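Two complexes are shown next, each including chain A; its partner changes from chain B in the first to chain C in the second.
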Partner chain A sequence: MMNKAGTDIQIAICGSAGDGTIASGDIMKRAAALMGFNVIAFDVYPPEIRGFGKCISRIRISSQQAYSLKQESDILVSLNDMHAIPHVGEVRDFGAVIYDDHLVSRVAEGGHISAHINPAQIPYGFSIRQISEQATNSARSRNIVILGYVAGLFNLPGEHFRKVIKSKFATKAQAVVDDNTKAFDAGLRAGRAVFKLDDVEVREPAEDANGAEVVMMTGNGAVVRGFMEAGIQSYFGYPITPATSIMERLAVEMPPVGGKFLQTEDEISAIAAAIGAGYTGSRAATATSGPGLALMAEMLGLGVMAEVPVVVVVSQRGGPSTGLPTKTEQSDLNLAVFGGSGDAQRIVLAPTNVEGCYRCAAMAFDIAETYQVPVILLIDLYLSNRYETVVPSSENAFAPKPRVPLKLVKGKPYERFALTENHISPRALPGEEGLMHTITGLEHNELGRPNDAIHMTMTIKRHEKLKNAINYEGLNVSKRFGDTGRVNVGILGWGSTFGEILEAMYEAQAEGISCSAMKVVMLSPLPVDALRAFFNDCDQILVPELNYEGQFANLVSGALGRPVTRLNRAIGTPMVVDEILAEVRRLYIQGPDTQDGARATGAGS
Partner chain B sequence: MSTPIHNVIIGSGSAGFGAARTLRKSDDKCRITMITMDSLPFYHRYDLPQVFRGKQDWRDLLDVPPAYYDEMDIKLRRCSRVVDVEGAAQKITLAHQEAVGYDRLLVCAGGRGYIPENLTSYAGLMHGFGSFEAAMRVYRDLPAGGTAIMIGGDMVGIDLALTLLDTGYKVTLITNGQTFWPHEISQEEQARLLEVLAAKGVTIFKDSRPVGVSRDNAQHAASCVTLEDGTEVFGDVVMSFCGLASSVEFMLGADVDIERGLLVNPELRTSNETIWAAGDVCQIWHDQEKAYRFYHGWKNVRVMGELASRNMQGAHEIFDVDIEDTIGIGPDGQLRSTFWTH
Partner chain C sequence: MNEHVKPVYLEEKLEEIRADGHQEYRSKSLPTWCPGCGYFSMAEGLTFALKRLGIEYKDVVTVSGIGCASRFPFFVNTYGFHTLHGRVLPVATGIKIGNEDLTVVAVGGDGDAFAIGGGHIPHAARRNVNLTYLVFDNGIYGLTKGQASPTSAVGFKTSSTPYENGDVPLNPLMMLLSYGASWVGQAYAGHQHHLADMITEAMAHRGFSFLRVLSPCVTFDKTNNTYANLNMAARGLPEDHDSSDLMAAMAEAAQADHPALGVYYKEDRPTLDEVMAATNRRAAGTDPA
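Let's look at the complex of A and B:
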């Protein structure tokens, strides 16, 4: 494993919708962050709002940087045995399984989780419901009791949990805070009384751990923070899982600082309004998922044609159609890069972690304004809902730069779409004196007036101006990790999958395989030179991604004319480190001369 | 396809584990479920004093690795307390409200450490030694060079006492009728054996009846045992080593005969034809003595478990091994007991 020393544990809390599973996981991860640990967390919840669906909150707590959730958990806590039983197998040997051993109703043989714990796992049964009822006169605090128990068993400081509980329930009556604190303390006493038999250890975070400066946020939360730091002025949106929380948070955060927020009647209106606002010079954005992006495709073409800066966040989920609305997938790459009519290249950024969401979102407006084009921020449900500790920018690095007024050339009309050396035209905003112009979705000349004859010239302009985007200052459009120089296996990745890729790469290196990984953050335009250099250094190239068709593999292969080995997975859950590692081992054994790029599980094979 | 026979074993000690292993060796199709209150897979409880010799990782005490159970297809249900056995319905109810059916049941629940009745209200102030966790608590609470007070002094306790002396601790022994249990020895023999212990450094209060245990006391010792004559004995931990009391309460609805233990015939079958018993939990009919009697000691217990499992599968073997444990003083002047040999 990557982390040789210190703490590196993963807790999975599993319950039914309404058990408070996600809330419990939320407190756990926030408390761990307060303790100074690095945290990665991801919640899985059902499409149903409430009732019988399964909820799982997984939290990885480490004293060193981690890049993804672990395949095996160290601790599983069951708030509902029916849902938790299938996950007992994910607990490693000598890890802990915590459950209620005093059920209120009878269950048939095998209906209790203790029947499924293997002999190498450590069972910890205790009266979760009873303790909750004794502490608060209600069983509703079971999800808090289990937090106390975990804290007691693993000797975690209780004050951080109490602080988070107080903060989480700050808007409720004091009695709610008191009851939850009592429930936590009761669980803490129960956990401390238990003799610990597992080998899960939580040590003090290293001195160089992030400490108090870190902020815990989801990918969607990071997008919001990035937008706010970049001075977003207008947001238009229509709710859709998993992007909705971006809209919800902006609705709260924008108005107090003068931002304009509007929930529109659908996605078409949202993108149209955002383009309209972008045209006026407002920093404008919208957020959606794959089905929404499909509706927005035509208006995106307008943004490209009219050269209007706008930012569109796309959080992918399983598709097509309604698909798997609460499960993750990376299958909207084609739509983001190519969707719409005509030759309509736009900039597509795909951050690979929560901090990347923050930085890309914060830079997206300036990139859009610099290159006068829509920028798509392509993430997915796994990244949208994943919590990580992030070190935000300490200075106001992403605020809008002061606008330099355009100078009129005497006797010459203002050309909004002037052909220039770098293919970027001087952009005036509506209302600026003497710079009146028209924009249109029709092909147009330098003045913006409809003109078919100049179509080839303008098409070249709209594509060429984007080429420099791969050199945008401060943005790593691609980055190589691991061994330098010639390597046996190179793993190429994008988006949320890259965390698992990095973990696999470190494990491969530990096994003696020379291995590198490259993340590609800018999918359009593609950093072809960097990719070619990477390909030249690698005996074999592996491209793991969460889709069936191998959309990124096709993109890269097509751009470079070079084969890759694909690893495709489309089952709604994140990529598995061991699966990547197994492929790396296979390619390593296979050697450099036999790669035909044909081994794949997807349609692109 | 016929449903495989479901053999359920209550208890995971020497008898229960030996029974499960024997069952599986002779029948690779049957279902085997072991239900135990213990948190750990099978280990020899007689090895528990080894925690004072550095074996503080429970994995070092295991008889077989955890994977063995999966390999043998033996379902091990830990931390599961049986609260009821319905003999007629062939159904077990666990404390967490799960019902488990069986075709054949073997009860190897053993016993719990006996605490003299006048001291039961002080149980919370005493340390147990019946599990790895309990042994580790003693290890944790006994400071280096500290004193363990033992009430009674059965053979498990004597073994621990000798280990403690070897590892730099002090032992105070308050003897009673259970001293050297389960050996049945004369007063003179007991006196001779106690002299050996005293020579090794054990402080002995002979036949003094404890009447109370306390934590706060004049000498600020962690624990204090008050004797009937008012003497106060100070130490760091107090433990009762007074033999075993069979665990049979959960069998009251099982339609079996019970005295102090489950009554079984020499084939180890109870009065219910689908239920057998083995180990410290059962009293076996002794034809010569015309009475039911307990057979303690690891060797007896192990033989019983294996024999019962064969009889569950249709054999009719008689338990007549009756290995009487002996205790004495070896040529080196040290105590020797077959009870400790396993």
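Let's look at the complex of A and C:
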């Protein structure tokens, strides 16, 4: 699947926890981004901090837009053969396997990676440990030596790597920078001395036309950037994988600009405090994962009932319960869309890539304030931790609009929950003259006074006011890609999986299958009209998602009353492009089912 | 502290109340509490305190959880937030962080505070959030019609302890003292003027002030925390009590059977607002230190 028109290589670095695998991958992707390439990268690591768990850092470097990682890597670098051996198979034919061929101890039969390399793969053995020791008197810089080697192998310029090494270790002693630079240069010399992979060519990346600033960030980093640009004023959080890095980054970035940052005692108080702050008019947010969202469900209901704006980021991981804390899954859709007691509709946004994380996070506050409701930003571990190059918008695009204070009408009490044409009631903030009122989680009348008789009217108000959110300016709540008009197969997707869906769709198109893909970014309220139009255009609809029950498929077919074909995987890792492609081919060949059009390859059908 | 010094003449009393002006802090909604409930003293005491301290209605937010006491925000003419069971302190903390110019009064009962909300109290106390937390402790769940609470006495028969409560009650004052609350006091709903004074003092304190108010539930408790019993049991703190002495405060608080009314402990230390401001100055590199 090489992109012959330009550079498109994927490097996988595999080692044991403590080998510096992730750090090595980090330098690789930053250097590639500095060179101007598009980068998509994703690290897989064990839940333990130290010990012998497996770490893999995969980096795709391309001159064209890419949507996901490639299934096959061009290069596998082994820092630990025991962990890397099972991944030899992911290296493409004529791809390279880089390993240490200078053994310092006896290895059991089959314990060395060289015994597992396929005939079609190209072995690149060199003495990684020895070079590291010669350069820095320590085997600990093996992870930097291999970077130099890869750079040498592809004839990549060393300067970008040296720049990244310098900035990465800027807070450490100069000797650390020097040692790592020496290790890199030693690896570079070794890499330049060997024969090249003949079908890999690194070309100059395409010059960015408008000279816009391109930065590389993770989904979590993009959320933070979006929040900062939107002028986040208060943040309350509790550590939980994979959302913690949002909290850690905001803890660094908010205080210098006067933001209020507080690590709370649990997730319940995190969202409670965010709702308290949101009630005062502060741009307030929290971030968590599925288990934390479960704890927050009651408070979300209060936010809906009392009509308080608040932003909640949810980065999903494998569940239920503690589940798979360091593995990805899309199984908290039900909880995000429906979680809590009563009829409690909220707005749920599910960006599909890192750029989307940035834009949705930046817009989330204004959406929450406009519709006076909690907004959930639903992402997952794969999106949280994967790196992509992003072009941020111009400054101040998302800053809060100046508030127009409400005026008290003489002789008429202020109605916080006044029934209006667009169902949104003018909101007074505490501290504003004469507009005192009480908000409550009890059902209440226009004044906010407890009242049961008005329940139906107020329930309608709280649901109707959200309907217009699908027209929120600047937000693509859904978008169709690929062939227009009537197609054989339509792939419908949400969240991080949409990258794999797009890759599969473009490959299916290349095979001559008429197909298109649609992403749905707003999961609540659902853009039903756009979905219906898409269903009407497609003979068959395929919904691939990373969960067992088909939560998105259920949501969509429930809303439209139309059947879909499901592709459900609960495997802890991203969806495999070829599996989607195989399903598209199958649907294309088989044609629509005359019974009800639906066939299941997963459960819950 | 006996308040029955002279017969009360209603006309005279009404004049007095009108002239005072604190009633303007009351909203048009009438309290839903049972006649004789200790919580009426709370509404009266807090409005007195607001009037005395000269705080404007618009700058006050009363926050509550769930329970009889938590209906309070509806009965005062301030901004109010009636939140969820047990979550009054985190919401109140968020409000104070969202706008530190607001005067935040958190209100709740013993179930809301010490059962479902017990996990939040130590953190609000140690952070010294600049707010006042009034806990009206009647030792029973009133809104759900009379079940045992964490401060119910051993041997108390309630609808959830039909064969007598066997659990030893919590000692809220000792808890708060050990959590690092910077102002801890106790009052009694039957001593209304003293209660109003204590609420005023608690609100005047810069930092987290916790006032426990012993309050009879006239409907569901005819045996333990009755006016008759509390009138006999309640005492003043010793005249020489040193409110800067934590261990002395602990010793007084330990005498749960003879509750002393007054300020147990107070301490002047930076509030959460101030700590955050200092953090932000350090982060911005504008800290003079």
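Methods note: the second predicted complex is superposed on the first by the 586 of 605 C-alpha atoms of A that agree within 3 Å, B and C clash if a C-alpha of one lies under 4 Å from a C-alpha of the other, contacts with A are read in each partner's own complex, and residues count from 1 in each chain.
Note that a contact is a pair of C-beta atoms (placed from the backbone, for glycine too) under 8 Å apart; a residue touches a chain by one contact, two chains touch by 3 or more.
Just so we're clear, the structure is a prediction, and the values are computed from it rather than from any experiment.
Asks: After lining both complexes up on chain A, report clash or fit for chain B versus chain C.
Replies: fit
Asks: If you stack the two complexes on chain A, which partner ends up touching A:141: first (chain B), second (chain C), both, or neither?
Replies: It touches nothing on chain B or chain C.
Asks: Kindly classify A:122 by the partners it touches after superposition: chain B alone (first), chain C alone (second), both, or neither?
Replies: The first partner, chain B, only.
Asks: Scan A:112 for contacts with chain B and chain C and give back first, second, both or neither.
Replies: The first partner, chain B, only.
Asks: What is the contact status of A:16 with respect to chain B (first) and chain C (second): first, second, both, or neither?
Replies: Neither partner.
Asks: Using the superposed model, determine the angle chain B, chain A, chain C defined by their C-alpha centres, to the nearest 10 degrees.
Replies: Vertex chain A, arms to chain B and chain C: 140 degrees.
Asks: So which one touches more of the residues on chain A, chain B or chain C?
Replies: C
Asks: Let me test your reading of the model: by the given contact rule, A:130 touches which partner, first (chain B), second (chain C), both or neither?
Replies: In the superposition, A:130 touches no partner, neither chain B nor chain C.
Asks: So in the superposed three-chain picture, is A:244 touching just chain B, just chain C, both, or none of them (first/second/both/neither)?
Replies: The answer is neither, since A:244 touches no partner chain.
Asks: Given the touch rule stated above, what does A:80 touch, chain B (first), chain C (second), both, or neither?
Replies: Neither partner.
Asks: Does chain B (first) or chain C (second) touch A:306, or do both, or does neither?
Replies: In the superposition, A:306 touches chain C alone.
Asks: Just the number, please: smallest Cα separation between chain B and chain C in the overlaid arrangement, in Å.
Replies: After superposing on chain A, chain B and chain C come no closer than 51 Å at C-alpha.
Asks: Enumerate the contact residues on chain C facing chain A in the complex.
Replies: Touch residues, chain C against chain A: 29, 57-59, 61-63, 73-74, 77-84, 87, 89-99, 101-102, 119-120, 122-123, 272, 276, 279-280, 282-285.
Asks: Would you tell me which residues of chain A are touching chain B in their complex?
Replies: 93-94, 100-112, 114-115, 117-120, 122-125, 195, 197
Asks: Of all residues in chain B, which touch chain A in the complex?
Replies: 39-41, 58-59, 66-70, 75-80, 94-101, 132-133, 136-137
Asks: If you look only at chain A, which of its residues touch chain C in the complex?
Replies: Touch residues, chain A against chain C: 233-234, 236, 252, 255-262, 264-266, 268-270, 272-282, 284, 298-299, 302, 306, 429-442, 449-450.
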